[in-house]
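What follows is a short report on a single structure.
Note that the chains are named A, B and C in the order they appear, and that numbering of residues resets to 1 at the start of each chain.
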Amino acid sequence: MAARDLHGKGPPWKEGFRIIGKAHPKSDGIEKATGQAIYADDIALPGMLHAKILRSPHAHARIRSIDATRALSLEGVQAVITGKDLPIPYGVIPWTPDEHALALEKVRFVGDEVAAVAAVDEDTANAALKRIQVDYEPLEAFLDPWEALRTPAPQIHAEIRGKPVEGNISKHVDLSFGDVERGFAEADVVLEDDYFFHGTTHTPIEPHCAVAQVSADGVLTLWSSTQITHYVQRALARVLELPESRIRVIQPCLGGAFGGKSDPFALEFVVSKLAFLTGRPVKCLWTREEVFYAHRGRHPMHMHYKTGARKDGRITAVDARILIDGGAYSSFGLVTAYYAGQLLTGPYDFPAYRFDSTRVFTNKPPCGPKRGHGSVQPRFAFEVQLDEIAERLGLDPIELRRRNFQGQDTSTVNGQRITSNGFLACLAEVERASRWKERRGKLPHGRGLGVAGSMYISGTNYPVYPNDMPQAGVQLKVDRSGLVTVFTGGNDIGQGSNSVCRYIVAEELGLDPLDVRVVAADTDLCPVDLGAYSSRVTFMVGNATIDACRKLRRQIVAAVVEAWGVVPERVAMGHGEVYDREDPSHRIPSREAFHLAETRFDTLGATGSYNTPKLGGDYRGGTIGASPAYSFTAHVVEATVDVETGRITVANCWIAHDCGRALNPMLVAGQIEGSAYMGIAEALLEVHDVNRFGLHAGPSLLDYRIPTSVDTPELHALIVESLDPEGPYGAKEAGEGPLHPSIPAISNAVFDAVGIRLRHLPFTPAKVLAALREASARPPAPKVARAPAKERR
Amino acid sequence: MLRLPKFELARPERIEDALALLAEHGERAQILAGGTDLVPNMKHELFTPDVVVSLARIPGLVGVRVERDGTLRIGAMTTLDALAHDPLVRERAPALAQAASLISGPQLRRMGTLGGNVMLDTRCQWYNQTHFWRSALGFCLKKDGTLCHVVAGGKKCVAAASNDTAPALMTLRAALVFRGQEGARTIAIDDLYKADGIYNKKTKGEILTEVRIPATPAGHRGAYGKLRDRGSIDFPLLGVAVRLDLELAGENGRGAVECADVCAVALQARPVRIQEVAECLRGTRPGTSAFAEAVEAVAEKAKKQCHPLENIPGDAEYRREMVPVYVRRTLRAAAEGAGPVEHV
Amino acid sequence: MGENPRMRLLRLRVNGDLHEVGAPDHWTLLEVLRYRLGLIGSKQGCDKGDCGACTVLQDGKPLLSCITLAALAEGHEVTTIEGLMPAHVARGGAGADPVQEAFDRCGALQCGFCQPGMMLSARALLNENPAPSRTEIRAALAGNLCRCTGYTQIVQAVELAIAEAAGVEPPRPAWSPDANPWKAAPPKTRPARTRSTRRAAEREEG
């Protein structure tokens, strides 16, 4: 039974929202501000050992033998393990369990985990690693995805889950909707080009860290900086061959993730195994270098897009061919290959669409989900191509997007259900805020405005392992003191999901937010939530929380009704009190109402759940990309180009994001700003790549450049509310959508500024100079006959 | 946590004791100034001394003062932040103040010292990495190996000098005072560096105590230009220091160029002086077309003379393209009494 | 150089307290703070001074504790994030340091991991310059990397702290064009009194 039928997008009380929609502080804000918040590396347990991991120096090699005897004999070393100690493979997606915590027979990238030690301190553990001898037989390594695609041997993975792998192909998806060829035939202009998105990674400021402790009766507790406590619990059970009920996974306060902590990782299995072997708690804190090797960042994509449009700007067909560089393991790769095509079919309507995406394995750190998983790259290509179409047709780029707007309460060409859709309002907002009409195309040479749009999922239709149980569950506990505790499996990774629970409960039960506390992400204490990925937590945990609150509210109101002898409609809750609407002098503190309810109904408590409706197209892969609600975003970027140095500077970025309803506008703005910052960084500064040896080219925060405060422009967050029918009070996601348009908007702004098209990321100064040189040597492209005067802006 | 290798720390309170330790332990001892270069390098196991000799407690190494003859004397342990803000340095040696102000980020400038920057280790993307990373490719010519990964078959290390203060001090004709066990000696900064990426200095076992900058004339102008990807933290991809000494005000308020010098860093193992700069600029007057043409000529010469390599991370071809741009912009900034030149 | 380095007895003054703690010479200040003194507020982000998460104040000036040898902090006054609130209370304030309060009220603490270092850099800036411009604020924080916020709400927080100290209204954020969400600082209540402290206070007042 899904919660969506029980509540709507309005406030729970006639009096309107008291908490929701206001800039309340976060539930964990002051604790983080005073240094009291506990992150995984802040945990220290008596007798705790430190684990270090030995990594492969080869990009592709067979392991002939491992000799750890000298390591074991070092004083202070308590245990050494290798792949043989953890032979069961795993993978976050059940169909591709192609990873081992420690390499079993071969290593597949430089940095792949090979052995681990537990010692009294890090220095001893490091010294022990140097004593482990590994005999490798190097194999040919693939660093280029095209080469991996056309070279079937040596195979990086020969078989996965018993099924043989075809060459080095991780996943191939080829889907077609409508009649693409006819669409191109009907078009007045057809553009076709290559686009490239390079590799980038998450770099949360907190490196991964895990601490494991085993009780005398064999119950494992793992604290881990993870986004997916529930999936980690399942993976540990599988690999350690333990019942899940004997595994407790706790996510402490977490220092950033962005999709980089949504796989189970080697260190979690390693500390758990070592804790079992030694009988002592074991901690492993990764160095920053190791975080780069773990990666799971954005897949480089080589894309070929072909789009047809009529003179009036209406898109007739889109055809995409995409080569996805997957790195050494699958991770979420099955999903990536689908997302690369499935998530493009909005906010514009096009009647015919085809995409063919192939993910290949390469001997590099494995790619995975990074904020906007699988859709940021195609969106970049498409939004630049749309701009090129606008240019060819002589149309304003915002007008072109308007003309193709798909509308709300509709369905996409690939069978996704669209409900609320505030994209037009988003365009209007950035058009206004940037003074687009008076400035675009009219700024001095070297300065320009660019626009782009996008859409993104608010959670998906399917859990990572198939089941029909709720995707989010919440439990409420009521104390006689007036405190209500919310138990949620939801992972707060800094986005404020715990705070959202607090605000919802305070709103529904009329409490002061300080009288609502949240216990989260502890598999012993909290109902299952699938984790913080695909922008699902606010939407799903929010709905589950409202569900639980409404059940509890019914009990409280029923008890008060009996005590006061009034009809239920007269009972209201707010400001920490319960009162009679028709006789406001008749009021009692909330906690007294709780006492009435506990007296009447015995010990109070309520659970709430949420599951998505059945969604998605009726074809294989049709559910991948289906979401109960989509967010929409538009960016306008103002950029300057220094034509002597080629450097692009973003002076301003306006981001209008339709989040359905801003449960806390300050937190939504923070997500909008953070997302835009991350997109700008990917476009201009960050490069994740390996050198000719297959070694990460610069695994440090010095060489992998993320913007400092002086590198980041003014970010103007504009909130649009389309009041979604299924989101909690109408809310949709805000954590990933706002990243997408920043990158193409920069390319489009550069075009306005200096007339060059950047289709190849990152937009380095060298590329800009090369494009400028080429443009000055080339005659301008022909324009199609302009649309009639009355349609021109 | 990336851990430091084990060592013993000495905190001598007299320079003689520091020198004695260096003499006693030879190659097994290393000097620690602000630590901002040595400590990260030690975490990378590029240096694993048995004894680290901190200069923090030795008196007389901090401070800026000006002698009666106008010589600027700066203690080697003066922080980069102090240099950037010191009114004497800003007035008399603006290129140095500007260079110091652009080094790394705010915290590091309060820790890093002038001496530490003058004596900065050279840098290379194949070298400034962890022990694991370097061992994965069999190390390199500069450290623990025999192969250079920048120049195939290269027998000479080409790690880049990466210290922003060096070219500025070269334009200022700085003299460096080194203390050894035998006493103090002064060498011109031009004589400190050599074209050897493995160790690009001609001193060993001595401690830099002071930097002396001869008096700059009243019409002295200087500026520093730094190319880097970000506006903070990064080492230079290219650094250009400029000196222009103008005759005291002529008719237009700015006299003709009497003396001109341009030095650059982050190209090769030593900071370099661009040749034939003075010949181009001398006698021209800022604000005139003659000056502008001379600036162009210098920029072109610089481009011809500078050959960045794929040593530090960053497109070497692009860095070469930027040489004339930054030389031109920094010369203009110096002429106007402005600067520093950077992209933010 | 043996396997067991000699321990040095360090006397470190941290947040006004004098600590005696043993550590080998190769331990950094960050490691001693976190793993010997239990002051886990200073964070480890990048191992070698590239990110600023380990920023502490030494004699009021921000430095990177992960590349500072612990022994070289002797003789100096170290302030960590845990020291800001007590110092504020000792000066007669209520609640957390105004910089900490402002960061909380502006939403600047998303994951919070970079923020102890960020707040200390901001505190050091405001101690030196109570009214910096936005450009000066960004420049002062340019050694502290943040991955969550895009720096916007961080700058807003610093400007809020400045505005409140000056008794003026802070700038309005883009997402709230019609009203200033930070216009009135909520009255800062002192910690609730227990029965015994209340009686003591009544005795004094009475």
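A few remarks follow.
Assume a residue touches a chain if its C-beta (ideal position, glycine included) is under 8 Å from a C-beta of that chain, and two chains touch if they have at least 3 such contacts.
None of the values given here were measured: they were computed from a predicted structure.
Of all chains, B has its CA centroid at the greatest distance from the CA centroid of chain C. The chain occupying the central position, as judged from C-alpha centroids, is A. Computed centre separation for the pair chain B/chain C is 33 angstrom, with centres defined by C-alpha atoms. Each chain gets one centre point, the mean of its Cα atoms, and the points for chain A and chain C are 30 Å apart. Averaging C-alpha coordinates per chain places the centre of chain A 43 Å away from that of chain B. Across the assembly, chain A contributes residues 285, 287-289, 700, 702, 708-710 that each touch 2 or more other chains.
Counting only residues that touch two or more partner chains, chain C has 44, 47-48, 50, 139, 141-143. For chain B, residues that reach two or more other chains under the stated contact definition are 1-3, 6, 105, 231-233. For chain B in complex with chain C, the residues that touch the partner chain are 1-9, 11, 32, 35-36, 39-40, 43-44, 50, 52, 54, 56, 104-108, 110-111, 231-233. Contact residues on chain C toward chain A in their complex (touch as defined above): 3, 34-35, 38-48, 50-51, 53, 80-82, 84-85, 96, 100-101, 103-116, 119, 137-139, 141-155, 173-176, 181-182. Contact residues of chain A toward chain C in the complex are 22-23, 25-26, 28-30, 32-39, 41-42, 44, 75, 127, 202-207, 253-258, 285, 287-289, 433, 493-496, 662, 665-670, 672-678, 700-702, 706, 708-710, 712, 714-719. Chain C makes touch with chain B in their complex at residues 1-2, 5-6, 8, 24-28, 31, 44, 47-50, 52, 55, 61-64, 67-69, 71-72, 121, 139-143.
Note for the complex: chain B touches chain A at residues 1-3, 6, 105, 125, 129-130, 132-133, 135-137, 229-235, 313, 315, 317-318, 321-322, 325, 343-344.
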